[in-house]
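Right, I'll just put the structure down here and ask away after.
Lettered A, B, C and D in written order, each chain numbered from 1.
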Amino acid sequence: MTKPKLRIGMVGYGFMGRTHSNAFLTAPRFFDLPRQPELTAICARDRDRAEAFAQNWGYGSVETDWKDLVARDDIDLIDIAAPNNMHQEIAIAAAEAGKMVMCEKPLGRTAAESQKMVDAVEKAGVANMVWYNYRRIPAVTLAKQMIDNGDLGRIFHYRAKFLQDWTISEDLPQGGEGLWRLDKSVAGSGVTGDLLAHCIDTAMWLNGGIDSVTAMTETFVKEREHTLTGKVEPVGIDDACAFMGRFANGSLATFESTRYARGHKALYTLEINGEHGSLFWDLHDLHRLEYFDHRDDGRTRGWRSVHVTDGDHPYMDKWWVPGLSIGYDESFTHQAADFIMGLDGTPAAPTFADALKTDKVTDAVLKSADTGRWETAS
Amino acid sequence: MTKPKLRIGMVGYGFMGRTHSNAFLTAPRFFDLPRQPELTAICARDRDRAEAFAQNWGYGSVETDWKDLVARDDIDLIDIAAPNNMHQEIAIAAAEAGKMVMCEKPLGRTAAESQKMVDAVEKAGVANMVWYNYRRIPAVTLAKQMIDNGDLGRIFHYRAKFLQDWTISEDLPQGGEGLWRLDKSVAGSGVTGDLLAHCIDTAMWLNGGIDSVTAMTETFVKEREHTLTGKVEPVGIDDACAFMGRFANGSLATFESTRYARGHKALYTLEINGEHGSLFWDLHDLHRLEYFDHRDDGRTRGWRSVHVTDGDHPYMDKWWVPGLSIGYDESFTHQAADFIMGLDGTPAAPTFADALKTDKVTDAVLKSADTGRWETAS
Amino acid sequence: MTKPKLRIGMVGYGFMGRTHSNAFLTAPRFFDLPRQPELTAICARDRDRAEAFAQNWGYGSVETDWKDLVARDDIDLIDIAAPNNMHQEIAIAAAEAGKMVMCEKPLGRTAAESQKMVDAVEKAGVANMVWYNYRRIPAVTLAKQMIDNGDLGRIFHYRAKFLQDWTISEDLPQGGEGLWRLDKSVAGSGVTGDLLAHCIDTAMWLNGGIDSVTAMTETFVKEREHTLTGKVEPVGIDDACAFMGRFANGSLATFESTRYARGHKALYTLEINGEHGSLFWDLHDLHRLEYFDHRDDGRTRGWRSVHVTDGDHPYMDKWWVPGLSIGYDESFTHQAADFIMGLDGTPAAPTFADALKTDKVTDAVLKSADTGRWETAS
Amino acid sequence: MTKPKLRIGMVGYGFMGRTHSNAFLTAPRFFDLPRQPELTAICARDRDRAEAFAQNWGYGSVETDWKDLVARDDIDLIDIAAPNNMHQEIAIAAAEAGKMVMCEKPLGRTAAESQKMVDAVEKAGVANMVWYNYRRIPAVTLAKQMIDNGDLGRIFHYRAKFLQDWTISEDLPQGGEGLWRLDKSVAGSGVTGDLLAHCIDTAMWLNGGIDSVTAMTETFVKEREHTLTGKVEPVGIDDACAFMGRFANGSLATFESTRYARGHKALYTLEINGEHGSLFWDLHDLHRLEYFDHRDDGRTRGWRSVHVTDGDHPYMDKWWVPGLSIGYDESFTHQAADFIMGLDGTPAAPTFADALKTDKVTDAVLKSADTGRWETAS
């Protein structure tokens, strides 16, 4: 009883190329999938490094031009793990070639780019997904189930932060491998597209659409050497961005992101306050969900620290035993599994269309930071 | 060697009347003060309850009209622990009568009221102070010392929240004793003057002035029964308020306050991120200061949970031994002690003039929430 | 309606003399007591310092010989806050003079001493109490109420630790003021009587009697200068002590105490595990009780961090508002209040007879550390 | 440049069979190994299930008798993931056949069994290792490096606990798949061999040998249905075990383990207190190491919560980026990688000889629980 294959062509071999490759290798070991993923080809411009990557991860072949990858008949799915400025062109070409498309986040550098990508996959009718992996941390998925179940009642507040501290040094250059996130022409924006996009995707999944926002951005270090030109050049990205807003359900939003918060490596936190209870989650301790239930008896009521490692927690029946935690990379494994399981039924989210909504919010945030006014986000 | 007395006339016997009375009784037991505070008179409209209060706390006499209290020759200091709408009139009269004046926060319902009070005490040349007690939680005072010492370097971010959950029920009425904070005519505003004022006072003490803000407010429950009229009446206060802003030193501000955050009773938190390190404090665990020092060796660097109970921590040489914590009320004791020690030297802060600056920020916040634009805050 | 006075004669003006004095001054401000405590006399050998103490705390008079204090007609209650080696003699004399007696813990240096003290107060029929103050931290009292209510079901485990780090330096001398706890002739024992006695008192209050124990002690620094003789002398106390045991209810006990645990100032922790749930408490965050209720729904079950500051929590209706914590000293205030309220009804615990049971356990612990065998503890 | 293969024959397909299989598959993706592990054969009595396991994990073939597996020429390494009662026979046969041997912990059911296994691998001169995986949690490895570096100075205390709550129900049967840990004939002991063995292995690795112990055990549920016989039979294992002891370096040991601690799923905690500092680690938040450094400035000293996810932390340069955590299973991956890297150099620990020392301690613990006396542990 051989399963049909899902033949994958990956573009990019950086940090995200590794997480995606690992996910496709691991998912079929822990999940019963209807199709067997196969790492068919890796594509990157540097052939030597691409071959080393292929050997390490077990890719069957190597391409150095993504157009050649897209043109191959033996590829079912193009997975884009390349920098943001390449997403649009590759995704549209892949869709036009009839391939399924998975893409790292954010979908486009702007909502305009994303709109074209959505149009392409919808016209082609191909399966598509964006790697907003944090939805599939079990504690976050549990939060989603609880909210959908009405455990919190009417929602009043949603707040999220994504704090890092890795760009504080003025000696850090911009551009080039590993540093393209500081180059606006490649990344599109700074923390807004990189970090707030994650926060917004989760927020709208958990709490619905965001109607309007007012925002503030800052670039603390104005000039940095560019590794590609060797010259000191202006920094175009936002080092920090905060915004306030209103959700369609009437609740209030407060969001903040920065790469200048000493002591925080990747502190993505979210909290939601409702009539009956509240939830809090923190990427630094990703296996815990903090839950306050006001309906508990008053004298013994308190924030519950739920260690999300039991068999009845989302995804956790597939892993170890209660008390033994999984890590960051398993969120990608879950997403790969869900994508494959969704191919023959309800497509797994977030689709390109879902990710476009996030880009509309980030566009409005950046616009508001410029105009100093409230802007609509949809 | 008898110390000169400091004869106190207190106005108000509610929650704050108790904290102030306790502070004046306790301060001389633990601090070596140049003057001996004496609870000379308590003033409140209900004579029976005032007399019970006087007996409990050891006040020597009772007044039922604050004008009579202010007129007495045997009073050195008028301490105003009455609702916000009475602050201005009493404070100005007390100053004009040559009394020292202490006043609960916020100073006025608006900066205009506060300005008149500042003018009065400055014209009279009388000692004055506003009870922003959180400055004198030892962990907060330690934060101040560390920041002034340059431990954090250049500051990038300051964020504060004050979250409560006690007004979520629609059945809670407004107005009357204990509930005047929901009545705009008495309180002046909702969470902005009540909770954010604390956050702003601490923030400007720690990080300097705030230049400009953009804000958002919400009133979740639009109508509540008024206990004085017995009728359902519109709610005029802000149930929640968030704002962003820029400090004069170039750092970014994000503030939020609400009475609709389930699970948080009085969660005042503040965090400040600088080039070299960060600090975090939380009123729910007020004896701890969290400190990250980036200059620690990288492999063993982490947020330090400083249990601020040692003899070399601010104020703590006056209390017990290391590891044994003090509580909320001691912040008032410290403030009373500092006020008295400042009478013969450098006046203790925050003075009325300091508190006026906070009211200018809250005014700007409320204005911005109305206009939807950035407003200047000074 | 004047209340009858409770005229107090205090012996000792050290750390504990201050906590007791503060408790008697504060208790009537916050609790409605049937008798009004009066600080009638303080007794200590150094007259100048005794007088300074009297002036600071408002004692009416000074004695320099405790026998004179005990002989006075205007004293109702003798409160012993002197070092351990003085407890027995003073307490028996006070009882024989018909005074009520309160005594710092441990009651005696040995159970034999304590037995004589119990005999004396019982023969005299005078009210008596030992200052095991931690029972009256609201979170600990709440734990007691929950256990008595059956919330935990059958108990399997009880564990407690009291960890400090203040005697690690070999340069710290023994003996003399503030250091008598290192002198075995004065203190009776080291951490066993000082710290484990607290743990045992709470444990037997919460979980019933301890039947048998096996123990281990260690003295890490074998010699220290003695401040009274000026010579380096052997250290007789136990620097560390751990024991295991069995409670009468069949549950298992594990206890540990040391003054050599770096990073812990006064870390008294206790945990109790039962069929339905568990409780954990920590003196360093004394206002929190951690509670796990297995009967909660499995998917959202977790340790609840109960912030014990609400009006329906033990003692807390007397203090501030939810979220605002009290400190270490309030546990003494509660004990003073309970003692006075118990004078005309059910006597408040722990009485001398209760404290004797604790001393029997500490005796068995020290004996087992010597014999290397299990010893009975009652 | 093809690497030589390391051909693995696995015995057992339960929980541990999965963790080992995943480790061998994952290790070469993230570590540069001198040999390429190959999943050559899986052995288990039920052929259908063995074949399903082989297909899922990519094993090349299936055996149903471990003797056939051991006899195969195309196997380099026998990895024993079968229940404890099978360890001895398989390991000795494998060694005699010249295979490398890896074995799940504890090595034998008793030290006598383990001794025979040590003799066999040493006589055969084959590489060997026991899967005490917790040594290779990065935070635990970091603790080892810090202790070896002298960061803590002279050690005074070591304490460890391993608390679970999964056997409290009297309805839980013993014996059979997944429940053999409750059957003494299979497991050898209860929590002592299962949980305390982990604690002891880590302890002796970090802090050296244990000389002597005194212990206490309890079986709370005396009878349980046995799934293989269908009858209610006596429970032979220890449900709980605590012991105290002395390390060779003079420090004191306190250990506790139970399956009756409500709210704890797999709470393995360890703490070590030294002259200069202390360390604490907790399996429930396995990516954090708590560190107190007394040499920090006194006013800002506190327990540091080190988030062990940076590139200069042990193993973490192989994974993601700072702030992104790994989980339980990666500890097996690290162990597999270290074993393979040790084949051509210094053999990786813990070897069978190391694990024998742990079994000598557990034997002494169980003996002391029986005799009520201190027993030597080596």
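Definition applied: a residue touches a chain if its C-beta (ideal position, glycine included) is under 8 Å from a C-beta of that chain, and two chains touch if they have at least 3 such contacts.
It should be emphasised that the depicted structure is a prediction, and the values quoted were computed from it without experimental measurement.
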TODO: Check A-C against A-D and say which one is joined by more contacting C-beta pairs.
DONE: A-D
Open item on the list: Among all chains, whose Cα centre is located farthest from the one for chain D?
Closed with: B
Open item on the list: Centroid from C-alpha atoms only, then distance chain A to chain B, rounded to Å. What do you get?
Closed with: 42
Task: Centroid spacing, where centroids are CA-atom means, of chain A and chain C in whole angstrom - done: 55
TODO: Let me have the rounded angstrom distance from the C-alpha centre of chain A over to the C-alpha centre of chain D, please.
DONE: 36
Task: Multi-partner residues of chain B (at least 2 other chains) - done: 264, 288, 303, 307, 310
Open item on the list: With touch defined as at the start, can you tell me which chain D residues reach chain A in the complex?
Closed with: 15, 19, 22, 25-26, 28-29, 56-57, 164, 166, 264-267, 283-288, 307, 309-310, 319-330
Open item on the list: Going by the contact rule set out above, which residues of chain B touch chain A in the complex?
Closed with: 152, 156-157, 159, 163, 165, 168, 214, 216, 218, 220, 240, 242-244, 246, 252, 254, 256, 258, 260-264, 273-278, 292, 294, 303, 372-374
- [ ] Using the touch definition up top, name the residues of chain C that touch chain A in the complex.
- [x] 142, 146, 151, 288-291, 293, 296, 298-307, 310, 312-313
